[in-house]
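Report on the structure given below.
Should a chain be cited, it is by its letter among A, B, C, D, E, F, G and H, assigned in written order, with residues numbered from 1 in that chain.
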Amino acid sequence: MSTADLGFARVDLDREHRQGLPEVVYGPGKQPGQIVAIVRTLLAHNTGPVLVTRVERETASAVLAAVPGGGYAPGARLLVWRPAETTDFAVAVAAAGTSDGPVAEEAAEVAAAIGLGVRTVTDVGVAGLHRLLAETERLREADAVIVVAGMEGALASAVGGLVACPVIAVPTSTGYGAGLEGVTALLAMHASCAAGITVVNIDSGFGAAMAAFRLAHVLRRPR
Amino acid sequence: MSTADLGFARVDLDREHRQGLPEVVYGPGKQPGQIVAIVRTLLAHNTGPVLVTRVERETASAVLAAVPGGGYAPGARLLVWRPAETTDFAVAVAAAGTSDGPVAEEAAEVAAAIGLGVRTVTDVGVAGLHRLLAETERLREADAVIVVAGMEGALASAVGGLVACPVIAVPTSTGYGAGLEGVTALLAMHASCAAGITVVNIDSGFGAAMAAFRLAHVLRRPR
Amino acid sequence: MSTADLGFARVDLDREHRQGLPEVVYGPGKQPGQIVAIVRTLLAHNTGPVLVTRVERETASAVLAAVPGGGYAPGARLLVWRPAETTDFAVAVAAAGTSDGPVAEEAAEVAAAIGLGVRTVTDVGVAGLHRLLAETERLREADAVIVVAGMEGALASAVGGLVACPVIAVPTSTGYGAGLEGVTALLAMHASCAAGITVVNIDSGFGAAMAAFRLAHVLRRPR
Amino acid sequence: MSTADLGFARVDLDREHRQGLPEVVYGPGKQPGQIVAIVRTLLAHNTGPVLVTRVERETASAVLAAVPGGGYAPGARLLVWRPAETTDFAVAVAAAGTSDGPVAEEAAEVAAAIGLGVRTVTDVGVAGLHRLLAETERLREADAVIVVAGMEGALASAVGGLVACPVIAVPTSTGYGAGLEGVTALLAMHASCAAGITVVNIDSGFGAAMAAFRLAHVLRRPR
Amino acid sequence: MSTADLGFARVDLDREHRQGLPEVVYGPGKQPGQIVAIVRTLLAHNTGPVLVTRVERETASAVLAAVPGGGYAPGARLLVWRPAETTDFAVAVAAAGTSDGPVAEEAAEVAAAIGLGVRTVTDVGVAGLHRLLAETERLREADAVIVVAGMEGALASAVGGLVACPVIAVPTSTGYGAGLEGVTALLAMHASCAAGITVVNIDSGFGAAMAAFRLAHVLRRPR
Amino acid sequence: MSTADLGFARVDLDREHRQGLPEVVYGPGKQPGQIVAIVRTLLAHNTGPVLVTRVERETASAVLAAVPGGGYAPGARLLVWRPAETTDFAVAVAAAGTSDGPVAEEAAEVAAAIGLGVRTVTDVGVAGLHRLLAETERLREADAVIVVAGMEGALASAVGGLVACPVIAVPTSTGYGAGLEGVTALLAMHASCAAGITVVNIDSGFGAAMAAFRLAHVLRRPR
Amino acid sequence: MSTADLGFARVDLDREHRQGLPEVVYGPGKQPGQIVAIVRTLLAHNTGPVLVTRVERETASAVLAAVPGGGYAPGARLLVWRPAETTDFAVAVAAAGTSDGPVAEEAAEVAAAIGLGVRTVTDVGVAGLHRLLAETERLREADAVIVVAGMEGALASAVGGLVACPVIAVPTSTGYGAGLEGVTALLAMHASCAAGITVVNIDSGFGAAMAAFRLAHVLRRPR
Amino acid sequence: MSTADLGFARVDLDREHRQGLPEVVYGPGKQPGQIVAIVRTLLAHNTGPVLVTRVERETASAVLAAVPGGGYAPGARLLVWRPAETTDFAVAVAAAGTSDGPVAEEAAEVAAAIGLGVRTVTDVGVAGLHRLLAETERLREADAVIVVAGMEGALASAVGGLVACPVIAVPTSTGYGAGLEGVTALLAMHASCAAGITVVNIDSGFGAAMAAFRLAHVLRRPR
């Protein structure tokens, strides 16, 4: 049977088989006890890494006390049990500014936990292009670049023009006023003049890492 | 020298070297004569396929008369010279409804022109899930799935949950009223409950094909 | 006389006669004393169930102390006096994810209090279609399905295509970023490719239950 | 087998069995020849009414010439073959103003074609309440009321408070300026102070009729 | 001289002469000491009523302690010194629901303080039309009707069709979801099918009272 | 009986009695024959002026041929029969720019047709304040000022501060880009720092004239 | 006297004295005869350049026939009489793509007509940064840079970080989908991470040139 | 080397050389220790003023304790070390209302810290035009005017018509309802009828001061 019905949740036990990774738990709105039950179910019926995203520190402590063996990354607000071994698929996480840090950290921590090699490049916003240009070679070595940028999100276009590999843009809600809580960056990244950029939801470092995992998954296929 | 200055345009001659594909010409707003000049420049200084997107039939005829050897796909509104040989990277283009056809066709024609193997799956919207489920295996065989859907864009979430490979969602401007010319589908695809889906601009079959090309590019890297 | 003027409120005493159910009190912005006065008036001049929605626990306790005989459902934030007997009209409440729980609970508790038979089906979001498909028969047995879903709201389209009975979609404000506090789900449900779906306000489990009551009302008419 | 693959379309042949009505064809974006092929397929593999919506007169003539036996309602832009026999389920279509006429007509013609009894009440906008009040009894006799209103959509709230049966509100794109092409009416109908109103997409007379069909479907169930 | 420069503010001393009423002070963002200084200046250089709007209770107490002789209406959050004598210009304030109370109260208290005769009619939302119809004559006796309504704001259209006098509609931010914090009501009131309705800013009971004052002002002109 | 049912329309014959003016016909979406029928009904059952708004020239000619005795103002797109005698209620129509002319003309022509005295003041936008200041006295003599302005709509605020009488602001859809087809002017006029300004729908010269009529109506009441 | 009242327009004759440049005529919505009258008035009462913007070719011909001595730039849709002598204030107009050409041309032609030295740099979008970097020195030599860019508008941020002089960003309505007709570029330019960038209205090459004129004006002041 | 990599930030040391001013630190989201490290780096490698914006008082105290010699302006939430000497470039900061004070203060304090001469003119909103007109000469003496206004932002248009120098408009988020947190003012300022106005982000007093600095920079160039 492919689901476990916990009453308040229906855990998708088949996902690891279907997509190469157990279901990832979205933390907000769940009681610590609910998270504990889901995590235990996932650990028991899967073999891969188990993650819970967007968990505040207090909840994390309660859950870890009940389900030992996990780790908590406070900047990324991420709980991880059984992290995967690192593969040779290399992801570069490029963040435009210091305030994009938490989202970049979520992308990096999730990516690492699911087995991707991660390199982070911070504070390379386009207002000082030489900072970005100095990192171009490092970005080009990656198999995918996750670009994390708020405000006007211009970094995605600039990176998109510099590298040949997939670019996954994450708009962030940093900034104020006309940034419209990340909506401006999201729209701008879609309207980008650089061809072939793709975009995930606002502040979704998690989504970007999962998109990169899909790439890595295909790369591992026998040909 | 890496650019050719035609006065009205500055052609990026270095792009083929940098990203594996010559610059693609965006047709709207350009005179036939301007397109001719750019295409000739690209053909002369690059070796790969040369494409012009969103070209109406009349303009296409004028351009083809001046620059022989190209082909025109009217459904996709695409001009192509020197199409690339098809590689073993397989893209499935899944369209939710018949009215999403032109965007799906642009995705498929561009993908084919730049060397990707393309399989199209039409009319598999979620209002009749058995149509989608019957195609699941074909979608799973692909290296990437381009999901083309307007209205509420739910097909992207459903496909995202069925396959393990990268999913590139293209919202379309089909539908009316609350569809808001594709904005609703774009937002919905971003808010999708399926993890790791990425999204490109509204009606941008071109952008989706280019995103798939980036994947194929990485796959070809020596490891 | 059909209204009772309490100064701060004009209670519609005729509504039970007109629509089969006493006026339901909307809690927010009302003082406990005001709620007490309205509830007493409704209990005195009507014979059916009396409900107050969106009441926080502290207010609920104060009101229940002043007007004994009622019950409080904290998850649904609902106060009920004189719940109706359950009829044979069966409503299925299908929720896409765990975080849609409170809205689903409001729908279920209100529906039960006004006499509808309720069955809840949780965590059947389209990212794992087999979960939904496994519940199809249970959904088809219902006389109406209330679909509660945030993020992109795709569950409404999928259910709409599976069942023949009325589908009442409730967009929720769960999720973040491009979900726009439920506006994206609301628009997406309207743009749905499944024909004949209807939609109520964001997070309005109450509205969905009342819409189902209207259906049940017609069903009871002599023919 | 439950679908017929016409290449450009995948016709859902199972829908009549699943939902009591053959798939309805959405006309825009389809060539006359495509419509002909789909209609022939539906007529051949189903027994119920076959409809094509939003068809302009010229296309309608071409299709009817190829597939005789159908009828065309120009105001509703609707093509119908094999209309269903009228049942005793009575729908009232109430339109706020003369300019809401085409949408009301689509609702009425579709409803009639799929077997519902239809009564139309026009020009009962709330700016002259006595017009609405004079029709109250006729509205109360119906099993469902479809309210068609543009501008501010207030008619839905007023009707919602007058009748006990299901109210399906259709916002229309009539009006100008602050009406925002129907978006204002859609939002206003959702925010309505009348409980249990449901809403369909802007200008979707078709959607409202289909929602009414779902009600009638449940009513016919053996109990 | 027509202004008093207090450094942090430039008090418009000429306004009473120009518009028949001293400048009204907008409370938010001002320190109690600043309010005190402005109020003293206005009292010293004008002869009419002096008002401060949107003042929380604590600030009000501090200001009243420093400038005796004033009164505070907590529901309306209004400070008043030297209220005007009531004239024979009659304003009816009609509120759709109990939760619109604070805005209605601001409208009523400001109107009273600047000399208008005020009658309040509460809880006459269109979901129970008989409540409104029972008050029609009282509304018709007024020289102007201020309609205060949130959610879908339909009360403005209904009143607009019932009375011949000026109707000033105040959208409120009550409600949730599709009400969009009052924006839906504002747009709906503008799109109203009732001719000659005017609208003021969301939650601006103050603005509506001032608009009524302008009417009264013209009425007092010698003819 | 207070309505005349023409099948396609329900003419409100009671309105002249209720509001002092026969129902005004909204032209768009009506066939010439329908307008003729409504106008004839209104002329036969009322005694006051009969107006049809937003009528293009060709339709106007057809209607006038069938119902002689009327006049057509092409700039205002207005048809009028039996214009009212001019009263001593003076309306000033102030337009910000030349391109606001058609809306200002509609306001002026409607106002004149329903008996208001009209004076038009054109091209007094705030970019050249001396133009407005030179007209201040003329504006102050009016009983109401209709301010017609597109772009940023700042004229409403400026006039609101200069005159004591009612100010009815009409946002127009002139301008481009950030003007958002009049939405920016509408919002800006609501957010105006000048107290007591009221606003009508975008481009609704008609609505502004009707609002002024309501003022005049009250002024004529016996006191 | 500082204005000339032409009936349909009130020409601001004082503007040349006040701001150093005669009033510029906005073409749309004006009849050729109206433009002729205004231009003649401006030529007669001022000494500087007289411009009419956004004039289509046919209108331009009619006006030039009536008022000889002017010139018409069709790309910029600009009419000019008495262009100013070129000063030493140097403006660089940098356009991101070929389709931004018409707006860039308006900026350049207006700037030249009012006496600024203009240098145009085309097709330097950030998707190919080397094109921009190759022009950095030319941009740095300018006294002000006008950046014309649609889509995501990222060029403004990049230029803002490269030069020290004033940057005036002009969002354009080029692109499609998420570009939202230029609104995305406008918002993105405001949210830019480059400090001190200023923005003008969508497609307003004219506005940018006028902003540059204000700079030049200050530069000419005696110190 | 032109950047200093602090791990969490990449400080742009070249900016002083490139743009005449060290990088300004954006405070929100940075820990006090991070600010201290960045400030020390900037002080060590540059010679000009070092600023940190949007710093709350507590953070400011912690940073100042660690890096002595700086000053804190609490109204502007600004930290400054080594303020520049005042030049003869004169900026006038004109604020529409008292509640725009904090933004105006940020503009003024930043401008002063980077060497501009500053004069502040408060409370000159257009609802009392004589207040603005009385200050016209002072505004005309400035080399640039920063206009700070929320609500409808009309002050920008009025000032734009009065002065010949550059006008930098700062929309503020003051006001409520239709002001949409400053978005209305931003749009209105862009749609302004006064030519050549430029706009910066909502509440960005900092951005306006930096834009003025760019002007001053050009003025200092040798000619």
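Note that in this section a contact is a pair of C-beta atoms (placed from the backbone, for glycine too) under 8 Å apart; a residue touches a chain by one contact, two chains touch by 3 or more.
Just so we're clear, the structure is a prediction, and the values are computed from it rather than from any experiment.
Looking at the partners of chain B and chain G together, the chains they share are A. Between chain F and chain H, two chains of identical sequence, the interface residue sets overlap for the most part, with shared numbers making up over half of the total. Repeated interface: G-H and one of B-G, B-D or E-F share more than half of their contact pairs by residue number, and that pair is E-F.
Seen from the C-alpha centroid of chain H, the farthest chain centroid is that of D.
The most distant chain from chain C is G, comparing centres defined as mean Cα coordinates.
Spacing of chain A relative to chain H, judged by their CA centroids, is 36 angstrom. Between chain D and chain E the centroid-to-centroid distance comes to 44 Å (mean Cα coordinates, whole Å). Averaged C-alpha coordinates put the centre of chain C at 57 Å from the centre of chain G. Each of the following residues of chain B touches two or more other chains: 97, 127-128, 161-162, 177-180, 186, 190-191, 195, 201-202.
By the definition given earlier, chain contacts exist for A-B, A-C, A-G, A-H, B-C, B-D, B-G, C-D, C-E, D-E, D-F, E-F, E-H, F-G, F-H, G-H. The part of chain G that touches chain A in the complex is made up of residues 96-97, 125-129, 133, 150-154, 157-158, 160-162, 175, 177-180, 184-195. Residues 18-20, 24, 88, 143-144, 161-168, 186, 190-191, 195-202, 206-207, 209-215, 217-219, 221, 223 of chain C are the ones touching chain D in the complex. Contact residues of chain F toward chain D in the complex are 2-3, 7-10, 12, 14-15, 23, 26, 28-30, 34, 171, 173, 182-183, 186, 201-204.
For chain E in complex with chain C, the touching residues are 97-99, 101, 122-124, 127-128, 130-131, 134, 174, 176-180.
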